[in-house]
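Handing you this structure, nothing more for now.
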């Protein structure tokens, strides 16, 4: 016991030392190495989950972004410098997203960050980007009702996915009784609100609405309810594992696309491949891009992607967005000839055009969302989609859905907004471009 | 009156009647030896008294109060200490702490929280440690002790708890002959100022201690009386035929 | 309404079957070998991936079942030899070690197969369903699952209670030292029983893959559910598995039918915690003497 | 050995047994050093630094690990639901901060109350949440509610003699329930998104506050485990049946320490929420609980400092590796757990301690000799199956 004193103190010393050095020491060492490389490269943060439940989709975004960066560097980079991706694994946990965002901004001092997939992750990092005035390019379709100064949204917003989709279902398919199934978090809930608004507008009918826990894979009950509700079309915004389990069990309970088709704004080629085409065939998806899009740009994009990541890989809309977002960033950097955040946000990125695989896309000058080409695809027996409808013109993004928020809009060229945003974050915490009209 | 009195005690385990309407009592300051062939219900009786099991019928009176069906710790607080068949202490604690934890005193959480070891208590601990000849091992964790020493340590712990009645369940199991003898002496020392109920197989030990003996058979008292008289008893010899002969 | 309810009860049966199938392997490893196997979910996951690979070569579930059993049993052998055999006497620490094993398995599988979801089809024979009651047909595959559940429980019962090996297993479980002295090769018994349990987990993966999604992260949920089933039913008694599974499965589906899936899950968990407080050793668990 | 030598021995043991002071001087010195280093981070690294942010977080984790160490390492209760108390503490504080923040910073919908309530269809702050507007009240709740909860759980668990594996699994289930609950009632909890975008307190003053609380927790832990009650707790861990038959009401001791631990976790959670500015259901879930257990195991059970080492070491490794080799860094974590369990069951600190103790006893040769003697002693008289569970021989 007595001899224990010295021992215990020795331990405390050793332990404490170990603890501290291990937190700070190597970390700074690594950081300094990175610093040495600085100057001849432009750092770009890649912030996706490579492990955990969301890694399934986010890894493909991460791949697409790296592909684009390689291509850009192959063409000589930007301003004579190479783009240097700083990859972080966010482990599908929102806290880690927040952590790593801080790291990228404070320590790596990246020019901009490409990243996030779920709304949860975006909302967890946005406050940080606003506080430290970074640039986030967010390539995912999302529920809208948001426009932050520090974020550029290159994915579809509801008015680009639903405004034509719902009427099309009602008119062309002639199906009016909707049953809504969704995962239990913000994206499906907001989307379904909009769907309901559209139904009211176009004379559709909402016969049921149900939410399953994220990662839920037992849908027999929900399917039973669907068949009981007399619905003639299912609107699903399930995500992740749930999608696959739902379609499989749907088929096993003997419901085909001819009886009750599943219409969804989120099921991609990746899921149809995972659930087995025979389970998906005939069901409908509304997206701005499908692998089957018939343009030379897309053909070569798919080829290059498969060449880099393997034959059996499929491309999807979110990946396409991730891909052209990277090009947007490169072009913007070239345009403003600096990595200054405000320059990128106000001159660089707005109005950027790029001839994406899915057709020419453009970042809106006013609301920092992206003009896209809505399409409706019908799943084929080979897991690809037949494009059964394509909008004639590029659709303007509408961050504030007009059916829900008629008196709101987002405009970063508006005086009031600019006034507000001139102030530093410490004085003015509201960094959104929302204005009332 | 008797310190411990057991009336009509009955218990069954999975259908077998272990104790069958057992009547039995121990006087103040006596050293009582409990004999009996295997399965006679000796250990069960101990378990009943110490509250490990609840009897189906019957009453256990201790020191004038009915302790039937009490929780073990309450029974201990009432003044009954138990020594297990297998040596049974706190392996990672030092010998000293083992005894210290067992010291008599209030055991309520909050009363106990701020208590320190008083000089008197410390002296008591060392007294005991020397009594059981483990003083020079006071700093060693208990699991470094040999089997015999473990048995002794547990006896020491019981002394520290200083109960009115000690239940000793075969304290000499697995000891060498001289180990047994020394244990027997130790028990006699203890018995000077405690009441002891001893379960023992080894006749040499019993002879050595040799006071009043109770023989259990099939869950009932067969004979009770001074050793030599019991040994002479015909029924006892019958019971023990084929089993360990009473030589 | 009543029709829907009855069909719901039937569906509940299949859910129960799924729970039983995923729990039976754990019942052997946890209940018999006494190892708190946190990697159970990952074992199931490996089984499912085996089925996926078999599928790539054109084999269907019936091929996948033996294949997964063998593969995961071998995996179990490796884990047991490398890790578990040293810590049988420290059950709570098997929890930590196997947690590590689980992580490693997940990462390895991700490195080998990539992060995307994998596809496992159900055999042609079992596509379609039979009209029992209500509007919906009852899928053959779910009948098959119920059959599998019964089969697996029966098989385990026979192995544990009707074979010489099972006798040894139970002997070792009661008292390792003594059975060792009686000339039972305890190491071999431990090894085999762990392999058997793992194999069952593999089978679970193989038969569940066609109705669930197959990804490297699928494991955790199964592990959790299995533990719930076991603890509710009672560890160390085979009857506990179907009981626990049945109760949870039916409760979950009926509650989900009455309210919704999320509330269903919630209520079931609460119900379990209360139940365990009432039966500390589970409904069928036996009490250690003393 | 002869009598006089014996007496000498005894005297020596007596001298050695003079209780170590609550905290030895050298401990104070080194402890102060560590505290000083961490406390000066804001100046060493700049108040905006990322490492600073992490340090505050790790300190909260340290307290969390410490609480697990108290119940697991010292009393032998393995709880896989400790995050329940951490989570409740964190959520209550986060809610209060969020409500206040929303009041003067309109959310993205332009309303004066948390946005997750808005998109779940509320039009105003629900009545029962209005008390949370006062942060002190929220903090009080954050500390008390978990403790009371722990008391209730403790009573219904330990009074029924549930411990070991069953306790582990029940507590696991509790963590799952809370997680489900948070996700389901997202109207009030933010659900899957968690609660974010409120003013956090990153900066020197709050770091020092966290540091102070951490030190306090260590002192409490030390006082608890070093005092006489600590010995009782250890004896319960070693052999609860014997303790019961020594007249200790084991259940009460378990409940007591369980409540203390819950209180610490809650405090850690409360500070965590205020420091990092985001909480999610994961902070209340089973995975986080198990992580805590693993920190304790790696650092060293039954050694307070082990909690500190474990939490810092693993979290630091995790965050560095996940940056350097994003794809397969987790392999190392998995391997680490296995290695620790197999080769250093007492964790890093414990193993170091053993080693030092042995060194002090003399040369390796002497040690081996001693070990042999011990082994011989233990063999000397045949021990009955020492493996038999206590009390099993009864009946």
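Order of writing sets the labels: A, B, C and D. Residues in every chain begin at 1.
The working rule: a contact is a pair of C-beta atoms (placed from the backbone, for glycine too) under 8 Å apart; a residue touches a chain by one contact, two chains touch by 3 or more.
The shown structure was predicted, so the numbers you read here are calculated from the model rather than taken from an experiment.
Trainee: If I average the Cα coordinates per chain and compare with the overall Cα mean, which chain comes out closest?
Mentor: D
Trainee: Select, from all pairs of chains, the pair with the highest number of C-beta pairs in contact.
Mentor: A-D
Trainee: Compared with subunit A, which chain's mean CA position is the farthest off?
Mentor: Ranked by distance of C-alpha centres from subunit A, the top chain is B.
Trainee: Distance from the CA centroid of subunit B to that of subunit D, rounded to the nearest Å?
Mentor: Inter-chain centre distance comes to 40 Å.
Trainee: How many angstrom lie between the CA centroids of subunit A and subunit B, rounded to a whole number?
Mentor: Going by mean C-alpha positions, subunit A sits 73 Å from subunit B.
Trainee: So, what's the distance in Å between the C-alpha centres of subunit C and subunit A?
Mentor: From the centre of subunit A to the centre of subunit C is 36 Å.
Trainee: So the centre of each chain is just the mean of its C-alpha atoms; given that, what is the distance between subunit C and subunit D in Å?
Mentor: For subunit C versus subunit D, the centre distance works out to 31 Å.
Trainee: List, in ascending order, every residue of subunit B touching at least 2 other chains.
Mentor: Each of 47, 52-53, 139 in subunit B touches at least two other chains.
Trainee: Could you list which residues of subunit A touch at least two other chains?
Mentor: 1, 50-51, 184, 213
Trainee: Where in subunit C do residues touch two or more of the other chains?
Mentor: Within subunit C, the residues that touch at least two other chains are 106-107, 110, 262, 265, 290.
Trainee: Would you mind writing out the residues of subunit C in touch with subunit A in their complex?
Mentor: Where subunit C meets subunit A, its residues are 4, 7-8, 11, 14-15, 18, 106-107, 110, 114-122, 127-129, 134-137, 139, 141-142, 210-215, 217-218, 221, 252-253, 256-257, 260-262, 264-265.
Trainee: Taking the complex as given, what residues does subunit B use to touch subunit D?
Mentor: That would be residues 13, 18, 43-44, 46-47, 50, 52-53, 71-73, 76-77, 81-82, 84-86, 88-93, 96-98, 100-102, 107-109, 112-117, 126, 129-130, 135-139, 144-149, 157, 161, 173-176, 179 of subunit B.
Trainee: Can you tell me which positions in subunit D touch subunit C when the two form their complex?
Mentor: Residue positions touching the partner: 78, 156-157, 160-162, 164-166, 168-170, 172-174, 176-177, 180-181, 183-184, 286-287, 290, 293-294, 297, 327-328, 330-331, 333-338, 340-342, 345, 385, 387-392, 394-395.
Trainee: With touch defined as at the start, can you tell me which subunit C residues reach subunit D in the complex?
Mentor: 36, 38, 83, 86-87, 90-93, 95-97, 99-104, 106-108, 110-111, 175-178, 220, 224, 227-228, 231, 235, 262-263, 265-266, 269-270, 272-273, 276-277, 280-281, 288-290
Trainee: Of all residues in subunit D, which touch subunit A in the complex?
Mentor: 15-20, 24, 26-27, 29-31, 33-34, 37-38, 45, 48-51, 53-55, 58, 105-106, 108-110, 116, 119-120, 180, 183-184, 186, 191-194, 196-197, 276-280, 282-283, 299, 303, 305-306, 308-309, 312-313, 316-317, 319-320, 322-324, 326-327, 329-330, 348-349, 352-353, 356-357, 360
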